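Mind having a look at this structure? Questions to follow.
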Amino acid sequence: MGFAPRVLAIPAAIGLALLILPLTALVLRVQWSTLWQDITSPEALSALGLSLTTGLTATAVCVVLGVPLALLIARSRARTAAVLRALVTVPLVLPPMVGGVAMLFLFGRTSWLGGVLAEWGIRVPFTTGAVVLAQTFVALPFLVLALEGSLRTTGVGYEQAAAGLGAGRWTILGRVTLPLAAPGLIAGIVLCFARAVGEFGATALFAGNAPGVTQTMPLAIYTAFNGAGVSQGSAVALSLLLLVTAIGVLLLVRAWRPEAPR
Amino acid sequence: MGFAPRVLAIPAAIGLALLILPLTALVLRVQWSTLWQDITSPEALSALGLSLTTGLTATAVCVVLGVPLALLIARSRARTAAVLRALVTVPLVLPPMVGGVAMLFLFGRTSWLGGVLAEWGIRVPFTTGAVVLAQTFVALPFLVLALEGSLRTTGVGYEQAAAGLGAGRWTILGRVTLPLAAPGLIAGIVLCFARAVGEFGATALFAGNAPGVTQTMPLAIYTAFNGAGVSQGSAVALSLLLLVTAIGVLLLVRAWRPEAPR
Amino acid sequence: AGASGDTAPGAASGSTADVDLSGELTIFAAASLATAFDELAARFEQRHPSLDVVPISYDGSSTLATQLVEGAPADVFASADESTMKRVIDAGLAADPHPFASNTLVIAVPSGNPAAITGIADLGESDVTVVLCAPEVPCGAASATLLARNEVVVSPASLEQNVTAVLTKVAAGEADAGLVYVTDALRAPQVDAVEAAGSADIVNRYPIAALSEAGNPAAAAAFVDYVLSAEGRAVLEGLGFGAP
Amino acid sequence: MTALDAHIVVERSGFRLDATVQAAPGEVVAVMGPSGAGKSTLLGVLAGLVALDAGHVRLGDRELDTAPRPRVRTTPSRRGIVLLGQEPRLFPHLSAHENIAFGLRAHGATKQVAAAEADQWLWRVGLDGMGSRRPAQLSGGQQQRVALARALATSPDALLLDEPLTSLDAETAGDVRALLHDQLTATRSTAIVATHDAVDAVALASRLLVLEEGRVTQTGRVREVLAEPATRFTAAVAGLNRVEGEVRGGRWQRDHVVLAAGDAASAPSDGTAVAAVFRPSAVGIDRTEADTWTGALRLAPSVVEGEWLARVTRLEQTPGGVRVRTVDPEVAVDLTADRAAELGLAPGLPVRLRLDAGDARFVPLG
Amino acid sequence: MTALDAHIVVERSGFRLDATVQAAPGEVVAVMGPSGAGKSTLLGVLAGLVALDAGHVRLGDRELDTAPRPRVRTTPSRRGIVLLGQEPRLFPHLSAHENIAFGLRAHGATKQVAAAEADQWLWRVGLDGMGSRRPAQLSGGQQQRVALARALATSPDALLLDEPLTSLDAETAGDVRALLHDQLTATRSTAIVATHDAVDAVALASRLLVLEEGRVTQTGRVREVLAEPATRFTAAVAGLNRVEGEVRGGRWQRDHVVLAAGDAASAPSDGTAVAAVFRPSAVGIDRTEADTWTGALRLAPSVVEGEWLARVTRLEQTPGGVRVRTVDPEVAVDLTADRAAELGLAPGLPVRLRLDAGDARFVPLG
């Protein structure tokens, strides 16, 4: 544990156990007989595909919007930063379902914006786009806050050195700022993707639960859970499928680590 | 924006708008006539109290378990760290509802662990403790990942300097490691608390929904939302109450920033 | 199939079978109807080969109602209770709902009935862990009425958000008993049902309606008729739903 | 024509920098000054990293900065100026080779060209074969050399070097200094070099600017400044004693120290303030007859030209022998280790110092 | 009895450190060596920050480290050793005052005592009134002084200083050097000081250890090592020329350079390898009659004792004048600026060098 007190290994182990043991209990209850069938059903696969597509899209959107936002906050004066950070934190606190209601209120047809969009023939809710929007809404704060922490820790010393060498702003961003904040950026992307893929409440309300269009894995799990009685067999099977896939994607993200410092 | 390209202000603004506009839409729909009544009802206040107590307790537990875990990961070799990080990420991906089922499987009285606990006269589900446990389970990964990012960014240089001065491991932890990783630690605590307070799915399944014991704000909001009433007025009112309170707590966390670097 | 429903609108269903329906049919249905409506939709689609029944969106009735009010595109809405249907009607999205099924409460106990529950009076025992639906949601309201009628005072360990949560706790053995709908109890393998005295009087009715903004009004009306038809009813009854 | 022309005012609590710097095209200017004098701040302003509170920075015919209004501030990357900061700040996530290539790429070199040049530069600073190491895997001096190579490789319009040769041993420093000199001469770069070492100033620069507490106290050709230091600090840098006194009747005098002032006698009038500047090794030293300061004073003859009584305050071992510091006035005396042992000096003892007026230079105070 | 006794072996790709270090209680040992020689690694091992691959570290009668087995490794905080690293690494989140107090607190001082002592130390290093500043608000030299104060304040059993006086100007460095010397003497600390400056070594240490490419090439009393450098590096540090040759018939010879070897003649036998060591200023220089190297060779008389032909490779400006570097053999010659101008030297030109054998010291090769 580097220079940390060695006894801290004990709480660390407890923490790890707390996270892992429930999953073990879950795996122990899997009905192996129907597992293969459950996870290869067309609905499951379509939900998985949708989850991956929307999850990755939402993560990409979060990176595009969140990295600039994190930079803005990290390089603002203390007071401005505090306000911005509070604003970013708000959607986190909201139970996702309320977030979904809020988005419905914003984009739904009874709202001003929804009305305008409807006149242009654009309907946002109940589309795959709405799923991405809902996931972005709930996942963005994670990326922003995690990255901002790392950006602040890194400081501006190396950016100054790069500027002193005559590097332009984009070069500094791409070759210095982001690589140095890579641990935070990657943590942010992981949190963001995980949250987007696991997103349930906001999607259920704002995008609906239409198989093939807006029914992502969590919704499929929810439906399986509610519908098929309490055997939970297929819900658990689907959960495992989601888990394994998401971990697979995340390991790919980890593998991409261009220039890790130290 | 420091040394970052200035055009990035545009996506930053879009990101911020995406996070804030839905909340504005929500506030616009508040039924001001019944607002006061909704948020001062004894049930609402008791749920709020419970949410704050359990949320803060869960955050404290997360700090106690998560800081060591983050240190362990941040100071492990790359390969070990990757495995540990993947393990920590797993619960993030799981829809919380499934997490609740998993915890029920682990601590329920039909399980081995639950049986042992029951023999000692301890029942976990349906208690406030279960709420804290569920919240800890879903919130811990956020603290760990956000802090780990910052710890890795900081590196061990200053810890070496402190060790070179003869400082013991606890001194290094308290006076050097954590203060230097403060941005990440604070980001982690904010994410953790927000996630704990907003937690709904796992609590609903694992802890149940007994007013005063396990009915936290999100559960109260959900109940109000699904209630037979014609409008979601009180659900929205309760959401606002939760929001304002949580932001208040988070601003207090921000105010506590012992020794911010740079 | 003969039409022998006690309400008039279903009478014509046999004849509409011959109408050549086409396009897509979108159905929003309460989560507890999932098994039944999947079956009904499949049969209906078989009857009308050129009609495409879009996979049905299941969710809590309240969620579905909110979505419909905010513009969700759907042709048919089947709700789990009448007050939710009323919200949709009040928004001007549907005109005449038809009750098409009903449900009554039973006591669900873990298989084997470890706490030896024999009737509703046992739920008042202090050493029995009971979970109920929250009074705000339909099954909770019904449970409260039932308990009140039987003058049983229960201190529930939890007031669950929906039937599934009650069933999960019972199935996991965490609760000794819970009040759920018959159809739910039937679906759950690790759960046994115990008759609750007086439950027959407390009936929950499921209304269905074709939506006024339906993209495919003909198909919507036909599907409503089909659900109300004898064949539809037979399917529902096979899954434990009572007559409306 | 001047390549670089700046009047720099920076205000900070307890510190104010107010300095004018000019450099002709291709000229190398050394900046020296005590710790905290404002050298790094000055370079930071020129590089665009520190904001100007008043004044201007001009490079060639471009106005880079002006303040307070109209406020102009050119972004660092558009200045055509490269700064090697006092902390080398090698990018920890890039290898030594990539660090050098970074500067080249920032100046528009293609990938191939940058890689090839970086290889060459590694070789030039004696780090052949270490290109793939991360900075953390290099020693302090190796890092310093990579940082220098990174800055030099860019061959910019103007180069700012903040203590480029610290943490290098004498031999390596000599080689790198020669490399730096050759590079600056070959590219005819306008350069400003902050340094603490007179050797660097003499070897690299043609002009020297002395900065003390935010102000320029002396400027001119390097050797001239070092030969006629205007302040105690500059004298210390040049390794000389500097004692301020005044000229009266052809004699230079400070308290009880009197020297025959040859050419200083041509000073316009009596009472002119003049500093005597002389090498520590030019001063002769002897024990007094008495063992105590008061005793020595009692025995002291009246003022003798070129001789005075002093008290030892500190003995410092130096490679050449021993340096004896005395008060009043503050004068350092160098003597060999043997002679020091023979004299048996210790702090507090009185000594008799001798100085041949021919060994001193008399510099009128500005 | 030795306070510190270590045999240190560290293996790294392309680098192997294998050195023995000993220090008596209260002794100060200077370590010098070229950049990348392993000085910082050596100190890192002693401080417990770098793992030993073989050997041992003993402090007093405690075995701090042994390797490979039985492997003992004492945690840094239990060693009673304090290291001031090459990078000062002031804690950026603590003020200067808190940084100094940190070391004191780590050594068990109470809050009040630590605060009071920290104040005193700030004053001693000339940073009175800057205690509340964060490191980022201090100049490089000010940071260096805070770091030094932070390390010295702890008064540990053994003190390791890695280039403690870099980035300080001559005057401040002198004051801090004196402070450091007084402190080391007063506390009778055993100390190891890595430095690049012979001035530091002479002023602070009694023994000097020269480390080159991971091996100890010379060790002994500081002045003796500097007077009789065993390697080119040490000669460079001492500012001397060192030419290896051999003694034959009472004459020292290297190629066409021949000197009358006075005392070296007492060497056991002919053919003994002996290095001639002499100051650059002791060498006389003249233009040859011919303007080109080949021409000069043609005109050269047969070998003359104390005179040889050489070619100029580099001219370096120095504060004292000009240093002319020549090959073969490599000899540096110091001359005044005037004389250099008069000679009109340039790289490539042939010159005639003269050296009085009395100015050279002959050191048999070990």
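So that you can tell them apart, the chains are marked A, B, C, D and E in the order they are listed, and the count of residues begins at 1 in each.
As a convention for this text, a residue touches a chain if its C-beta (ideal position, glycine included) is under 8 Å from a C-beta of that chain, and two chains touch if they have at least 3 such contacts.
For clarity, every value in this text was computed on a predicted model and none was experimentally measured.
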- Note on the structure: Sorted by label, the chains bordering both chain C and chain D are A
- Most remote chain w.r.t. Chain E, using mean C-alpha positions, is C
- Outermost chain relative to chain D, judged by CA means, is C
- Task: List the interface residue numbers of chain D and of chain E, divide the shared ones by all numbers used, and answer same when the ratio is over half, different when under half.
- Result: same
- chain A and chain E, separation of their C-alpha mean positions in angstrom: 56
- Query: Between chain A and chain C, what is the separation of their C-alpha centroids in Å?
  - Reply: 34
- Just how far, in Å, is the C-alpha centre of chain E from the one of chain D? 21
- For chain D, jot down the residues that touch at least 2 other chains. 87, 92
- Item | Residue numbers of chain C (touch at least two other chains) | 63, 66, 162, 168
- Item | Contacts with two or more other chains, residues of chain B listed in rising order | 101, 105, 155, 160, 162-163, 169, 180, 222, 225, 232, 260-262
- Listing every touching pair of chains gives A-B, A-C, A-D, B-C, B-E, D-E
- Query: Contact residues on chain E for chain B in the complex?
  - Reply: 47-49, 75-77, 79-85, 87-89, 91-94, 102-103, 105-107, 134, 136, 150-151, 154, 156
- Message: For the complex, give me every residue of chain C touching chain B.
- Response: 60, 62-63, 66, 81, 83-84, 86-87, 90, 129, 131, 134, 136-138, 141, 156-162, 165, 168-169, 172-174
- Message: List the residues on chain D that touch chain E in their complex, please.
- Response: 14, 32-37, 39-41, 86-87, 129, 138-142, 144-145, 162-163, 166-174, 177-178, 196, 198-199, 202-203, 223, 226, 232-233, 236-239, 314, 316-319, 337
- Message: Show me the residue ranges of chain A that touch chain D in the complex, using the header's touch definition.
- Response: 157-158, 160-169, 171, 175-176, 179-180, 182, 259-262
- Item | Complex contact set, residues of chain A against chain B | 1-6, 8-12, 14-16, 18-26, 28-29, 64-69, 71-72, 74-75, 78, 82, 84-99, 101-103, 105-106, 111, 113, 133, 136-137, 140-142, 144-146, 148-150, 152-156, 159-160, 162-163, 169-170, 172-173, 177, 180-181, 183-188, 190-191, 194-195, 197-198, 200-201, 217-218, 221-222, 225, 232, 235-236, 239, 242-243, 246-247, 250-251, 254, 260-262
